[in-house]
Amino acid sequence: MVDLSVRIGSVTLANPVMPGSGTLAEGLADVFDLGRLGAIVTKTITPDLRRGTLPPRLVEYRDATLFAIGIPSLGPDYYLKKTVPFFARFPTPLVASVSADTVEDFARIAARLDVPEIAAIEANISCPNLRAHGRAFGMDPVATRDVITAMKAATTRPVWAKLTPNVGDIAGFARITEEAGADAVIVANAFLGMAIDPETREPRLGNVMGGLTGPALKPLILRMVHQCAEVVSIPVIGCGGISDWSDVVEYMLAGATATQIGTATFVTPTAMPRAIEGLEAYCRRHGITRIAELIGAMRPRGGVPTAAIDPVPAKVSA
Amino acid sequence: MVDLSVRIGSVTLANPVMPGSGTLAEGLADVFDLGRLGAIVTKTITPDLRRGTLPPRLVEYRDATLFAIGIPSLGPDYYLKKTVPFFARFPTPLVASVSADTVEDFARIAARLDVPEIAAIEANISCPNLRAHGRAFGMDPVATRDVITAMKAATTRPVWAKLTPNVGDIAGFARITEEAGADAVIVANAFLGMAIDPETREPRLGNVMGGLTGPALKPLILRMVHQCAEVVSIPVIGCGGISDWSDVVEYMLAGATATQIGTATFVTPTAMPRAIEGLEAYCRRHGITRIAELIGAMRPRGGVPTAAIDPVPAKVSA
Amino acid sequence: MPSALRLADPRVPIPDVHPPYVPAASAGFPVAENLCRVLVNAAVNDDYRLMVAAAPAAALAARPGQFFHLACPPSGEDRPFLRRPMSIHAVDPAAGTITFLYKVQGAGTRGLATLAPGDRLDAFGPLGHGFAAPEGRRHLLMLARGVGLATLAPQAEAVAAAGGRVTAVLSARARDLVMAEDRLAACGCDTLVVTDTDGTSAVEALRARIAAIHAERPFDAIVTCGSDRLMRLARDFARAWGVPGEVALEQHMACAVGLCHACVRPFVDAAGETSYRRVCWDGPVFPIEEATSWSI
Amino acid sequence: MPSALRLADPRVPIPDVHPPYVPAASAGFPVAENLCRVLVNAAVNDDYRLMVAAAPAAALAARPGQFFHLACPPSGEDRPFLRRPMSIHAVDPAAGTITFLYKVQGAGTRGLATLAPGDRLDAFGPLGHGFAAPEGRRHLLMLARGVGLATLAPQAEAVAAAGGRVTAVLSARARDLVMAEDRLAACGCDTLVVTDTDGTSAVEALRARIAAIHAERPFDAIVTCGSDRLMRLARDFARAWGVPGEVALEQHMACAVGLCHACVRPFVDAAGETSYRRVCWDGPVFPIEEATSWSI
């Protein structure tokens, strides 16, 4: 038996695979047993009700997709009355994702969700669509600190900070959230992107800018996870371009304790259970009994790149 | 006849297509007439001689490639004696790209290249491989300002600042370089990325981290070009993921005056002349006589997304 | 069904290029990544292709108006990344087949067009809310144009099979682009072909003809798909006659199971409030009253 | 040449799936994106495939040791992005064909393996510096293992055609993986097959056998490709005999024309200084003296 469990602070996950916020909803329960997941993370909700952005909301772009959904939110009342009970049927830790326009509202919604059915609260300080030109809380060190500090004061639930990749020094932001009391840091939300149709000259998204996600961006986020894991001692959760078990392993080697899968579920709706089964097989194949051993276990390159053969002449017999 | 010419300050380009630094060399002269290009941009050189990074230097990744080449540099003497004469045979403006370890060395090499054969000097303040964890001049506003100021003082050649995309507020950096006297801003160099082999647990690149380039990243850089073009009045040169004429048009609509093509040349060695011919065809098709009309000419979305049909009942005849 | 069905034998096992992977956790769930085998994939006219595939049991539960989200292979320069939604055009549980009727539009459908008999088709579904149950309908008015036919034909067939009468208006640019006329006639539908070429597809002409049919034998339900003009007309009738109307909408999709909110369209309710609903999850079949447009 | 060549007729025009685009600016340049048509693409044993393609004139100028950078089509889950370098295994200007002998390794070569006769092949080249001119060689020692054979065979043939003698050592895991033996024999080379299975490929055994041949009929040049062990052996001989040795190296490539510096390998010169040289532009054929390893 392989022990796939990992710990995010006080929360133990049966395995390191969970969905990215906004890429799981009730509909996926028709496709596979959500009880198999490491955690269930729900779409970000806001204190107020929101419709989301103008369609078109989606552009397919090579191995990436550009989305501008916004946060269509039915608010915390609906969430507590409908969403929580729906997912409470699964034995899996439930993680709520929240966002807001002000620090006070972040605190208020964190307090509102301080219920035992919710295992942790994700702070989406990084959503790129809410503010003009994508400037979000998460791009401002002070706002980042204030949001996490206020949420920690307002709730007994663990608080996970989901960083935006649209910053220069992501490790600095990870450290700020750790100092502010975050129980884990998620690296990262979507990159801000844009596309224009050369024929009509119009932006392809109703919202002009949107989040670029998908496998093509994995190397960027992996680098960020590595940089963050080197400077914080809270768990880092990797999120970005993960398609399968091998990507999960890659993130864990880079320093992630767990991972979130987003866009891959749209391409392969069973991507998450496949990844979990693949992880188990990988561990078996490599004689790994506890998957947690992989966390940060990248090795230095072993090759001897120069002088792979001896440049000094050997004695020639002939 | 379509007028494909664009102006980057005092430099007039026959068309808006040139190579990204590090993706053109003498070898391409065997493949097509380099005289057709808008400009010839050469690989970054440094004042000192450098070997570049440890192999492996390349990982292919979906529609992107992760490179860690470093700056194998033969220095300014070789450049002036060999490289400049080789490219001087073409009628095309020659742009030298330089990098250095200190502000003083940036100035020194800019002074050294103050020769009439060089139409402009690109300041590669963004190369992600030179410093630990990719922190480069271009990630520090003060260092960015100092480099451009010092280069401007040291040379009579126009100075183009090539920004790194690994920052939070790229438009702020564009403004800094404009204020420091840059004649154009290139948006942008490569994103810093990383990849690990799950089987060996080793990083795939000899240098651990490298630059992620290629079509998959186009939406990110396009967004950055748009943000920069909105705040500076010097020309913005778009660079990132451009494969063909339609990408050039997209960048110009977003606000770029010209574009640089990198990785696409590796996939399609004639990508640049193809793009130029494609641009001419595009302009003809759209009745555009001067391609410069496209610069920043993105249109707001025209659609009427709600109530595309009248929600108020029409009088029914039957 | 075209005779081409005989080209390939459904009993031949699917070639295991990529061995089908069924995660234990997903066995027995209603919505599945069905590994099908293409039996037929042939052009029916200049615009449309018909694809018949042998499908596992889960797929055969599809109802009229539901759809599958198809993985599209790369072809030429195209690398379709996301799946593409396609209405179920026919389900034959006895033969174990599902059928799609599709128009080649872009990267995804160009890829689908390259599938040859024997190739694998990954069809995620069945998905979405289909049309109201056919039972009890006395006289269904079906207003289809172009690709709308792909979606509506199975509902017309179902109403006919349940003993109802169906008047199927088939609108197309030209006579030779009309599809499924024989299939609808064979199951007892009255078909009314109208085209742009001969001017019979003009809305006002159509309005008068349908009103005359209604006067003779009243319609008690309307379904439409494929055109904003027909949708408006259908809504006018539904309101005037006080009968339920349904429209099957389209929108580009990512997840197709209600996760991502990419596929929304605006709806305007009786109070004039606009809301966004997910075509994949709240539809693709919607009450005609609140829909604002059929496609972008 | 295998008889399979007859399978397809080179005079049939290349199907214009994507009409060949030749930018005016690139006409007449020595290195081109040659649009070829696959004539044969068949397995020669468990590991290797042979591909013959009808090629335009620019491609037919390829010399032994040069290579092409091949655009590899997507297949299955694979989406190769960059091109893949392949040595020229044969050029037949009369027939207008170029030939590659390749091993299926990963995404790119899996894609190449899917090309069928009649399909288009985009072969960028000819590229790189090949072997020294064959003229004047009296006795060439060729030390090839595995894929090295693909690269060395044309040089052996050229030396033989120029009137030189060639002793070709063909090393392989097992007897049935040895390739081109007939072709080499046909052009007059002495072939020496050694295998791991029967132990004859062991370096010291080989060293003695080759020394014996040299004692009888001295070698005046050595070429090697495909194995570090053979490269070391070749270098030992080159130094001991004072004859020029050449090795064809491999490295993963991006541009293949010296632009990107991705394909470097370390070299150590006589003074012990390490430098990086580009396999694509400075090679792929290098003086054996300074090369440090054949492949990673």
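Labels for the chains are A, B, C and D, by order of writing; each one numbers its residues from 1.
What we mean here is this: a contact is a pair of C-beta atoms (placed from the backbone, for glycine too) under 8 Å apart; a residue touches a chain by one contact, two chains touch by 3 or more.
Bear in mind that the values here come from a model prediction, so they are computed numbers and not experimental data.
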Exercise. Find out how few touching-chain steps suffice to connect subunit A with subunit B.
Key: 1
Exercise. Name the chain whose C-alpha centroid is farthest from the C-alpha centroid of subunit B.
Key: C
Practice problem: List the centre-to-centre spacing of subunit A and subunit C in whole Å, with centres computed as mean CA coordinates. | Solution: 36
Self-check item: Whole-Å gap between the CA centroids of subunit B and subunit C
Solution: 46
Quiz item: Hey, how far is the Cα centre of subunit C from the one of subunit D, in Å?
Solution: 54
Practice problem: Please set out, as single numbers or ranges, the residues of subunit B touching at least two other chains. | Solution: 55, 61-64, 305
Quiz prompt | Touching two or more other chains - residues of subunit C | solution = 79, 266, 274, 296
Self-check item: Interface residues, subunit A side, partner subunit C - complex
Solution: 22-28, 30-33, 36, 43, 51-52, 55-58, 60-65, 67, 69, 72, 214, 263, 265-270, 273-274, 276-277
Quiz item: Hey, which residues of subunit C end up touching subunit A in the complex?
Solution: 21, 23-26, 29-33, 71, 79-83, 107, 124, 251-266, 274-276, 281, 296
Self-check item: subunit C contact footprint on subunit D (complex, rising order)
Solution: 17-18, 74, 76-77, 79
Exercise. Mind listing the subunit B positions that touch subunit A in their complex?
Key: 54-55, 59, 61-64, 66, 133-134, 139, 166-169, 191-196, 198, 200-203, 206, 208-209, 212, 215-220, 222-223, 226-227, 246, 249-250, 253-254, 282, 297-302, 305
